[in-house]
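For reference, the structure discussed in these notes is given below.
Which chain is which? They are A, B, C and D, in the order written, and residues in each are numbered from 1.
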């Protein structure tokens, strides 16, 4: 399929998907600004004061951005060497998700209720996810998260077991008349406490409850280390792997910093 | 005692205690789902709205799960090569604890008060502890906690000394009319503050109290490092010990990642 | 002065200051329990309900503990090879501080006001500091804190500069009518926010204030690393120095864990 | 331009900019105390009670400090080998900023409103920034922050994407009647929650909202590692680079601690 790419498609591909050429960088910057502006419009539109004054203007701007992103999506699809692969990739789906809500809300105005239209239009905020593809370092982070996903799963499981037991203890000790209305609500309290967020909407009132809560806080304060340790170790390993990936073309040695521009052994450009 | 195991017992043992065979994995998954569902029933049952509507249904479901776990417990006991050892192991006791509350609440309905029955039935939530035995990585974590238990004890002692002094200072400075009613309550406030939970149910009102509280917060923010350092160091050591434990059967070299499936030197399956 | 120690003094010295003999360990344990009990009495005495019921009993118990600690202090002084050195050491001063308040409150009942007597009696809580001398690991921690004291001073200075600027910004943006009454109070708010304690007694109400507060929170969340890094690095270095301090008497090699009982090279007892 | 420095200028330069001579250290200390006192005056002046009693005294003191800092600024300018460079350096601008507000507020009393005068006078608090130049270690920290600025930018971008999505979800789930009035306000709530500050001025009330908030808290608790890892790694690298920078003049070996006074290999003074 790649051999079918026409010269025009190839040129466009380098602009849209590449970051090497100055046109490519200009295109990326324009898209980033368009995303930020369109998200800004959704944010402002949610403020009643602005919605009543500028609602129609926001609606018009929204359509401008939707048309821009639609053209961009069609161009990306057209110039891709493998269209199916792009359309089904994470970023391809996010690109599609960025334009769908406006069309859905427009095409089915009567078939669905106003509430659902409102929800669909808020979906447009997920456009911020498109920004991720412009953060090159996001790859290192997402790879380390993916590598440590099992450890993170174990950590979250243990946190849930711990908070279930603490929540349940507090439900028994404090009871519904002190704000610990149900066991799920007490578990929510335990999560708020152990992660050291501490809203203060539900607090223990009995001496025993405060003692148990203190143990919970100290535990949370101590185990804050576990995910830190897991992710930091994985991140360090991933960064060192990244350094080994790039070889100098001159002396063929690896181990350069990710932001290095010259080989640190022979000075040749990387 | 091991030689007394009949072939049927051995086969059942491999299914119930093992995770190698596909039957063993299916059995584990079924038990995990049963635990999660039965805990979910306890959670829902604690919500007054659901209790009044579905209380009888929850009670019936509870009995189904209790019977399932009872059968499982009897099978585990029957097929164990060393029954006494299983019954007295941590997981054996947790398995027993998972079924006892329902029977106790049923057998002594008149001898004990309603409150105690309620408490006993909430004990069923400790079934979540059974999930720990299915988390293989929990071993690494519990071993590192056990190795650093003395350091953690020292840390907690120092935290208690620190919070006692801060609590006492604030009791003297702010006094009962600002919410620092007693010294124990002021110590509770100091724990809430130094662990950076910060409920806000008790806050300093005087300028001096706010200054002392600020010093406490900055201290807590700074010493958040100590348990992090202790546990992370121990965890890293435990993980590296774990890697040295597994040797490749082909080339006899160790140092493989815990999730590695093939020897990284010769490629043989581990 | 050391040669002046009589055999009785030397024997008592080994019991009171040493932890090797079983008598020495028993003595330490007894003192630890006495400290915990006497602190417990101060805590309970601060609860109005208990003070009115058991105030006289607490007062009697307090005298028993004071006499015990006085005898202990005199014995420590008597059996010390260098009395002046003990009396002026940190722990010697803490030991003295643990008995003085009761005598002061007794000897000058009329000369000073009731409030000051109350304050002096609360000073007894600083007895918890005596516990520090029984935590052997406290040495490692206090030495690493002492080594990194300059870095910690720099960190605290920067935190104060940062919180001063954030507090001042919020005072200008939010103003007194939103709870940011004075600049010192706004700085207190900034400390509460940047250390992620977050009481919620003062919160920003304007959109701009919430935006600036968000920047402050993210900054605090990010720089939580700095003290962690400083102390962890120092702690790791101190622990490795500690390992190099103990040499095996048999093979003369160092590098043993602080809790090791046998040489890891030749197995001889350390 | 350096050759134009007269001996008087050079001598003054060593006192004002240097920290080697005892006169230089005395000068630095005097300036630090003057900065702290002048900031203290701004703080006290913001308290209405003190402003009405001592407002005129504070105003006079303020002028004294402004004249002191003005003389200092002129001297610094005069004795600098390169005046333009000093005037345009960060610390030169901060020095200027420390004296300008008082003059501006004095020279244009009628041209501008009282509010702006008040704002300008609060600007004086930025004098605390002058303290930074006396913290030698601040260089290490600012260099590591500057080296990891791209990673920190990526981290902040991801935090903003994450909090936008969480805030938007909560806006849809909880809605304006539960305190999540607008999307920007919900994003503010998400930042308060994910950084574990947790004011408690806005809290989820629905079960689904509490579940989503719990996921957010656990995420925030887990990713607290990322900036810690980034900055700690950079700080460690910067410290080790710092150690390699100083060479012993006797044996020419590097690797000394930043606070070392003697070469650790040959003992010569560094």
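Annotations
FYI, a contact is a pair of C-beta atoms (placed from the backbone, for glycine too) under 8 Å apart; a residue touches a chain by one contact, two chains touch by 3 or more.
Given the structure is predicted, the values throughout are model-derived calculations rather than measurements.
Averaging Cα atoms per chain gives one point for each, and the point farthest from that of chain B is the centre of D.
Judged by shared residue numbers over all numbers used at their interface, chain A and chain B contact each other through mostly different positions, with under half in common. The centroid of the Cα atoms in chain B and the matching centroid in chain D are 43 Å apart. Chain C and chain D have Cα centroids separated by 30 Å. Of all residues in chain D, those touching 2 or more other chains are 184, 196-200, 224, 228-229, 232, listed in ascending order. Of all residues in chain B, those touching chain A in their complex are 39, 42-43, 46-48, 119, 122, 125-126, 128-129, 131-132, 135, 137-138, 141, 152, 155-156, 159, 184-185, 188, 191-192, 195-201, 224, 227-232, 235-236, 239, 259.
Partner chain B is touched in their complex by these residues of chain A: 150-151, 154, 157-158, 160-161, 164-165, 168, 171-172, 176, 182-184, 187, 193, 196-200, 203, 207, 210-211, 213-214, 217-218, 220-226, 228-229, 232-233. Across the interface of their complex, chain C is touched by residues 196-200 of chain A.
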